[in-house]
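What follows is chain A paired twice: with chain B in the first complex and chain C in the second.
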Partner chain A sequence: METVAVIFGGRSTEHDVSIITAIRSIIKPLELTKHFRVEAVYVSKDGSWYWDEKLKDITLYTSGDITGFLNKHHTLNVQFDGGLTFFKTSGITGRKTTQKIDIVFPSMHGTHGEDGALMGVLDMANVPYVGCGVRASAIAMDKVLAKQVVQANGLPVVPFVYFTKDQVDTEPLKCLKIITEKLHYPLFIKPAHLGSSIGISHASNDKELQNGLEVAVHYDDKVIVEEAVHNLIEVTLPIMGNNEPKPALLEQPLTSSEDFFDFDTKYIGGKKGGSKKGGVKGAQGYSQIPAKLPKQLEKQAFDLGLAVYRALECSGIARIDMLIDEKTGVVYFNEANPLPGSLYAHNWNRAGVSNVELVSELIRYGKERFAIEQQLNTTFKTSFLQQF
Partner chain B sequence: MQVVVQDLVTNCDLSGKGKLVLLLHGWGDNLHGLRNLHKTLSSKYQVLSLDLPGFGNTDAPTTVWGLDEYGKFVAALLKKLELKQPYAVIGHSNGGAIAIRMVAQGLLNPERIILIAASGIRSDQSVRRLAFQVIAKTGNIATAWLPERYRGVLRRSLYGAAGSDLYVMPQLQETFKKTVRQDVQVDAEKIHIPTLLIYARDDDIVPLSYGRRYHHLINDSILAIIESGGHFVHQKQPTQVLEHIERFLA
Partner chain C sequence: MINQLLSLYSPHYPKILVYMLQASEYKIGPYIAWLHRTKNFNTVSERRTLNLTKPARLLLSALGLGILAQIFAGLLLIYLGIWHHLAGGIVFGVAVLISYPLLWPYLLLIPLLLGRALVDIPTETRAAHQTQDALAQHKSIKIAVTGSYGKTTMKELLLTVLGEGFTVAATPGNKNVTKSHAQFVKGLTGKEDILVIEYGEGAPGDVARFAQITSPTHAVITGLAPAHLDKYKTLAAAGKDIFSVADYLKGEQVYVHGDENVQPFLKKSYKVFDEHSALGWRVSDVTVSLGGTSFNMTKGKTTLKLKSGLIGAHQVAYLSFVAALSRELGMSDEDIKNGIAKTMPFEHRMQPYRLHGAWIIDDTYNGNLEGIRAGTRLLKTLPARRKLYVTPGLVDQGEETEKVHKIIGKLIADAKPDMVVLMQNSVTKYIQEGLKGYKGEIVLEPKPLDFYTNLAQFVAEGDLVLMQNDWPDNYS
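Coming up: the complex of A and B.
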């Protein structure tokens, strides 16, 4: 039986969301397969790592008892032994427990996890893992870089500009001038590296724009400002696979545009503007699956989603968000999510993929990519050292 | 809508047109707790409600705050949003105490004040408060031998049984302690503008006696007593509360 380590939590504003993704959408289905031994690794908000069977219990987090639990448990130690081995000591006698890890299933949204940082550690450890690699994760999680790569591949993105926190802090008026010269209201202002709609503002005038910039740089060191799409239909497309990516179903959030850019709407029951009518409850409120679009627009959205997945060199799984101008019929790339909340299992279920099949396939893709990487030559024979 | 005020990302909701009405929620609550009032009043007024620091989606203060700091924060928010003085301020529970303190200090200069189950009377040694202090003190001695993690759990249960809000927002414990020590009766005496006091007869958190006391202290006040509805009377009896408010503001 192979051992899968599911790593979740982390030093990110999306810490809590990652716990739900890990326990409900990854650990439970993996255990149901009966093919894997599942090890839960929780990264606390201060960055300490813990490994314990009890960390699979959601009530530990919902009750707030996690703090007490962590106080009486030792942190995890890792051994980079050409792979990855966990060990920890417990009890008065300091009993040592070790576990060789065959594959890692990262479940960390946002910074230090979804952005490629964790994947870098796993690459260094030479252990296979599920999902996008370092490059794709880092690019996808930077809204500016992602748009630049997509644009360079000849794919449509809405007009945008970006600034560093330093620029906004020291020359706010210059930033405002650049924005208003290059873009037209209404605008969206977003922290470049955060997900889950944290720190996103909508602006219809200079004052709102200024406030939005202040909020965005409060969370991030880079901010993107982009034009809102008129006659908007928002759609999202979960995709999995490596060289031959497979899409799930095109999904249309049923929240209003303004409310969609709100953490509560996405994750706290879709309570603001989320509507049950004609929709299903998913990871981020109510949505329509499949989205009801004219055939031509539907095809454009599928084509763009898959093209973006390839352009960003995604592997394993990702979700591509797109914006459609219903009148002009243009479909724009909006954002890529290398680790969709709850894996977007609700959408895959509708596409005929069960939760168990989803995690099993993702494990298979992780191992497949690792095997391909292992075939690459990482040595190069030289006489360089002999000259010293 | 989010704005940065005093370096804290602040979640607020500004909607409607007309004279400005400011809503201040109570301890442990957030702007959603006053949503009914906000929604109804915004058909006639411009209404601003906010998550006070540490509550809802607004960042928590990094130091220990009391009513004064909360008051200055609300004044800074109004300035940030380039809003003039509100026509009316509506405060529930601790939000009422903040409103009283702000008006007395001149940070707010409204034409009308509405206090719903407003707290801020701290010298009344009610049975509950007495029980709370006794439990807190004896609890500390009795549980001294327990490991800290068990003491924490026990403390939460004991304070909860005593009706204290101390553990409602664990990250704001010191701020809570500072806030509940502040008595605003002297401030209430300085208020000379029309004030509507709304209390439920069955409120067991902030009793009707507080309403009567404020009625005595604020010379231009009206006391509206609602038979039932408890501490969240504006949620339990929205029609009655709104009738009183709309009549008073008209």
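Coming up: the complex of A and C.
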């Protein structure tokens, strides 16, 4: 039986979302496969790592008992031994427990988890893991970089500009001038590296724009400002696979046209889009699956989603968000999520993939990518050292 | 081994014993068999927990007091042994102290036996006399429903369809023994046109006794299959008991579902029905979907086009018989049509529902081979992206256990599901033998409850899952 370590939590604004993804959508179905021994690794908000069977219990977090639990338990030690081995001491006698990890299933959204940082550690450890690699994660989680890569591949994106926090803090008026010269209202202002719609603002005038910039730099060191799409239909497409990615179903969030997904809508019972007629409640509020689009637009959206997945070199799983101008019929890339909340299992279910099948497939893709990487030559014979 | 031993001294042990007795319906034989089979008493109560009814509370109190008395006696003997320097006394005291988990599972039966002899049997006898008198005077048509399977379904169908044209009363749920018959009779108004009474066969002589008590005017025998063979021993003995109701009626107004097992018991005067014909009506054009079953019935120049909410071609035998009997009893075609349209799946009996876009057919109350045959046939017929079949097998199959489960394996293989989930138990190996040659995936599930409660994790849009039968704790 192979051992899978599911790593979740983390020093990120999406810490709590990551717990739900890990426990409900990854650990539970993985255990039900009976093919894997599942080890839960929780990264606390201060960045300490813990490894314990009890960390699989959701009530530990919902009840707030997690703080007391962490105070009583030792942190996890990691051994890089050509792979990854966990060890920890516990009890009065300091009993040592070790566990060799066969594959890691990252379940950390946002900073340090979804942005490639964790993947870098896992690559260094030479252990297979599920989901996008370092490059794809880092690019996808930087909204500016992602748009630049997609644009460079000849795929459509909405007009945008970006600034560093320093630029916004020191030269706010210059930033405003650049924006109003290059873009037209209404605009969206977003922190460049955050997911789950945290820190996003909508601006229809200079005052709102200025506020939006201040909010965004409060969360991130880089800000992207982009034009809103008129006659908007928002769609999202979960995709899984490595070289031959396969899409799930196009999903249309049931938000009103002037709104957009915010954190509450996505994760706390659909504040804005909640309980919409005809929609299904998924991991992130109410939505329509499959999105009701004209055939041509549907095909365009599928094609763009898959093209972006490839352009960003995604592997394992990702979700590509797109914006459609219903009148002009143009489909724009909006952003990519290398670890969709709850794996977007509700959409995969509708596409005929059960939760158990989903996690099993993702494990398979992780191992497949690792096997390919292992075939690459990582050493090179030289006489460099001999000259010293 | 240590865990097993420690489970005998767990604080929950008395509660577990009473739970075992309650789950065995206070039947001594099954309780003793379960007791002897159990190795670790901490893993007994998986599906349910003790329901603290009045008898359960009384038994638990008696057991608790008894155990405490024995522990006290043991400690006293040890104390006296130490005080008087009697090594034998100490040893005896220790023996008394540690032996309570071995004695009390049996001593617990004493209050039960006393209660049965002094309360239950006299009450039941009195109830039987009262039922007999009340029903003898009731002027209605009294339809007895018996058989190894499908009794509750047949009873509910008769109630629903005949209810469109008559005032009908039927025994509730699957309450089908003397006590429940007595309760049923107490609730009658005397104005009923038809009474439908279900007979639950369990041991030789049961059906004959029920017939004597309830004085039926008609009898419906729903079929014969291996069931309760722990008591009947053979299928022939079960058949003899079930057909004793036909003897009571002297062969008149006896309707028999003509499955292969009833053939040796058939007599000329019996009216046999099946999927193709019922009381002179010919059945045709059967179509089955998850929304229900449609079929036509033709006799002479009359054709009835009927649609029921029940699913499965096997349901047509019962439905067409009920329609034909209703007509024989004088109901109009329109009422029959409406009555059949009102028949819907019963809880846990071929009951379809949606889960994560998948169709689940809950047939977990099905506990016989004919039901398995019908279910696997349905699974084969219905289209789906992926088909899953789930079962623990059947209980109470006696000497037929191995044979029956090999047949079940073959039936499953023939239905060609993509995945077979077997709830692991003593019959799993026989089902696996029957599955030889099956090309799909076989999953052995040691924790059935884990599977049932997490079913949503296993299914997706387009899946079809058929779950047949479920084993309570006392069969695990």
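Please note the rule applied: the second predicted complex is superposed on the first by the 381 of 388 C-alpha atoms of A that agree within 3 Å, B and C clash if a C-alpha of one lies under 4 Å from a C-alpha of the other, contacts with A are read in each partner's own complex, and residues count from 1 in each chain.
We adopt the following convention: a contact is a pair of C-beta atoms (placed from the backbone, for glycine too) under 8 Å apart; a residue touches a chain by one contact, two chains touch by 3 or more.
No experiment lies behind these values; they were computed from the predicted model shown.
Superposition of the two complexes onto chain A shows chain B and chain C fitting side by side, with no clash. Using the contact criterion defined above for the overlaid structures, shared-chain residue A:I58 touches neither chain B nor chain C, since it reaches no partner. Our angle of interest has its tip at the CA centre of chain A and reaches the CA centres of chain B and chain C; in the overlay it is 90°, to the nearest 10. In the superposition on chain A, A:V330 makes contact with neither chain B nor chain C. Of the two partner chains placed by superposition, A:I178 touches none, neither chain B nor chain C. Of the two partner chains, neither chain B nor chain C is touched by A:V134. In the superposed model, A:E357 makes contact with chain C only, not with chain B.
Measuring only between alpha carbons, the smallest separation of chain B from chain C in this overlay is 26 Å.
Chain contact summary for the complex, chain A toward chain C: residues 28-29, 32, 34, 348-357. Of all the residues in chain B, the ones that touch chain A in their complex are 1-4, 7, 9, 57, 80, 82, 148-149, 152-153, 170.
Contact residues on chain A toward chain B in their complex (touch as defined above): 64, 68, 71-72, 199, 201, 207-208, 211-212, 214-215, 218-219, 263-264.
Here chain C touches chain A in the complex through residues 356-357, 385-386, 443, 450-451, 454, 456-463, going by the rule given at the top.
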